[in-house]
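Here's the structure we're looking at; comments come further down.
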């Protein structure tokens, strides 16, 4: 891979060696994947969500495959903030890549406490605020769908925490532009979109839901065109950088997001399908730029040729 | 754990709807332990999307074999693979059968394709180390019995049950096992290992418990990553959720909360 | 197909010989498909949208295939109400199946005029009000996302038109239950859901959108889990019957909708893939009921085994 | 128009990346007319979802043939089909070449796989009725030329252009055609029929117009239903949108609004 273009990218204060991250919840805390790929090559790692206290998550089954997609209802299972810092963060710190901690809560104060605590830790490069996880019955969805709530949450988070703040938006809204603008006004540094789409599957043989939690979040190629549309809409509405995700399986998919307006992308479900996907996407983006004779990645961002 | 592109060496039907596939993958063959599995991508396409997990059934030199039943899209595509095609494999994965040196007798209970990890266990080193290996083999009918001759060839005692009575005991393998237990033939220093459908495992586990015997079961759950990262494949253990892919697939039956199993 | 269960179903005043319809826009006005299948066997035909005046539709390309889905931006091309009545309705009338005319407009008055006119015509069994088509820049989306607008539109339509009124909901909303309840309160007899999901695809080679209209509507198997979830949500929120649709390719898919709460289903994109799909779905539902020993289709509706 | 499950009789590579597939379908073979197409489902799966349209290339008794180029997922799957497999076909579809009795000379211009409908046209009845048939065949190189011998076998005059000059005229087939036109060889009672990439068709259409000759073109557009119902496959005509699947795929070039073509 000699002579590939420089893929470095700046998302405000957050500088990445390349624009390809791994999406929260699809890469654990990096430990398992470190056995399979070189984490130092990634633009960044968005950790599985961390909550203040340990969370047991949803009853099984938690996963079901649907056409070109995966339906999940993990329910934010995680060991809680303190164990995260002690065991997971200390592991992640060892790698030369950006560590973005995905945080979730059930009320505003949860978020503030986590953010405060993490801003004191070494090795955290940014926070990704999960206001959109559709699996948790309380909180979750409501945070992510109300612009006013988002505005206030972001504002307060900025007051307690100096880290770059990434707001992760849910696609389950009527107008994602509104939500994005509220986050921007509140002071969000970066937006990431999209989280999973609320969905459900029925086992017609048993007449039961296929997920223990009844409903779950749809991810994978099935949602890619929805995610690309939302990135395009939001990129026309805000002036902060966007991390695009949803069904990215190969470089071409990532480029759709970039051309539509994303300054970086995250690979999610595809990590399960092929752990090498993020590395292949990095390579493929480099090759594309080279083939097209585009010398700066930045000039590709939002380059969609249309009359707005 | 490795990710490799592995060549299909053969793929043959063993009984109707069940196939054995040989795969060339020295890295995995070298380190595989009985009870572990591989997570494979049936095709390089977006549908079906996820990998599929299969127990390792045999290992010989640089080759592994899986024994699988066609139940849906993925296994159907698998059954059409021909020699020379490549398959992307992750493996070996999970925790296999940990058998300590005090165990002198192995009692294996297999239902259907559940025979796969138990056959690997037996062929690998059970015979050399054990005073006795008894295999309970269950199937719907004699036509659907798997591995009877192979187990005999390894020098084990094989006890057969078929649901329609076309061979051996007429009934479920767990009934035959219960009968055998109640006749007091379970000697000390025995370990029970079972793999098969959930209702069977539940029964074997409870029978073993009543007999105060240690029982290992190999469990299944729908998987995402297959390597412990997504926490999608959990089952309920006595002390919280356990990942089938990483904490299992082989568990001590007493660590499982059987009331929570579907 | 001897001895199959009786599949008749009542959606309020609208009685169908079986619960399988064909979805609006995917079956034209029946003319082309009449050459391939026996229209008399269908539970009903939902016509392509009709507008007051002829509509030219969107520029090409209007279709693009995406993972397990179809992205379309037809833009309601149709010959207008008068030509519809003269040429299309007179053809459809000849068949022994329910004719449900899908109507669309850019303002409330368009809908009212069309409804008034059609209620005077023979051979129209119900109207399906398309308030959700995401392709038309004016109207369309806005009607379908505001509960108040929907309530008023339905109320006024009921005043001018005695036909059973089916409100077709868009999935592009934060809370579909709210929208559904507004339609019910306004007096809607039936709900149909879902219409297509707003989405987009980018040609990374040309850096242009793949659709002439930039964004379009996603249909097909990709959206099935989203649609099933919405049917389930809405069926818990309203007391009027639901026609479920979104990615139905086979009987099992249709049964997911029925078990989740739909009293009837519509086959859409699958008509392009296999024109025999609706007939296969009818047969398959019959076989399922027989195999399960369920003697009334109605008892299957909403039979999902969960604690609400 | 019929929907049939048709058996693959053969599927062979003709040049690199291009295949000819023979399909047994008496109903379609019987009624097919040159310029019409079939809409086929490459597999009974949800991905790829839609059917794919292909011009009818040859018809012989109860068999039709298509000539196709592998460009994406669907055609790749198609290229792997083996004899005996079944494919779901809709056909014959669309409007073919309507050639009235005043036409005495056919001038055919084919680029790449665009040769398919023109070959069918020639083989069906052109020769019997025409005083003269001239075929302009274009390709990138002599290795990629399709059907030259077959056209000669039908007794037509064949003029070849290759982009790299490895055979015949060096350049685009439209350039060769332009040269030929400008040398005044276009006689009266001639009809021009063209099929190939859009830029080529655009040029042939404009050259024909300048020469006041009638020109038919066979066009492509992404299709949904393939039978005229969805209005997804439109192109801009002089009087509004036209459906490629139903109003075409063969159009009189003067009915097309070429300014709107991409």
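Read from first to last, the chains carry the letters A, B, C and D; within each, the first residue is number 1.
One rule holds for everything that comes next: contacts are C-beta pairs under 8 Å (C-beta built on N, C-alpha and C of every residue); 3 or more make two chains touch, one makes a residue touch a chain.
Computed from a predicted model, the values in this text were never measured in an experiment.
Engineer: Return the chain whose centre of C-alpha atoms lies at maximal distance from the corresponding centre of chain B.
Structural biologist: D
Engineer: Hey, how far is the Cα centre of chain B from the one of chain D, in Å?
Structural biologist: Whole-Å distance between the two chain centres: 55.
Engineer: How many angstrom between the C-alpha centroids of chain C and chain B?
Structural biologist: 47
Engineer: Would you kindly tell me how far, in whole Å, the mean C-alpha position of chain D lies from that of chain C?
Structural biologist: Roughly 37 Å separates the two chain centres.
Engineer: Among the residues of chain C, pick out those that touch two or more other chains and give their numbers.
Structural biologist: Correct list: 67-69, 220-221.
Engineer: Which chain D residues reach two or more other chains?
Structural biologist: Correct list: 46-47.
Engineer: Using the definition of touching given at the top, classify the network of chains in this structure as line, ring, star, complete or other.
Structural biologist: Per interface graph, the chains form a complete graph.
Engineer: Could you list, by residue number, the parts of chain D that touch chain B in their complex?
Structural biologist: Going through chain D, the ones touching chain B are 45-47.
Engineer: Any idea which chain D residues touch chain C in the complex?
Structural biologist: Going through chain D, the ones touching chain C are 1-3, 41, 46-51, 88, 90, 221-236, 240-241, 246, 260, 262.
Engineer: Please give the residue numbers of chain A that touch chain B in the complex, ascending.
Structural biologist: Listed in rising order, the residues are 25-28, 31-33, 35-36, 48, 56-57, 59-65, 67-70, 72, 74, 77, 220-221, 249, 269, 271-276.
Engineer: Could you list, by residue number, the parts of chain C that touch chain A in their complex?
Structural biologist: Result: residues 66-69, 71, 145, 172-175, 197-202, 204, 206-209, 214-215, 218, 220-226, 228-229, 232, 247, 252, 255-256, 259-260, 288, 303-306 of chain C touch chain A.
Engineer: Residues of chain C touching chain B in their complex?
Structural biologist: 67-68
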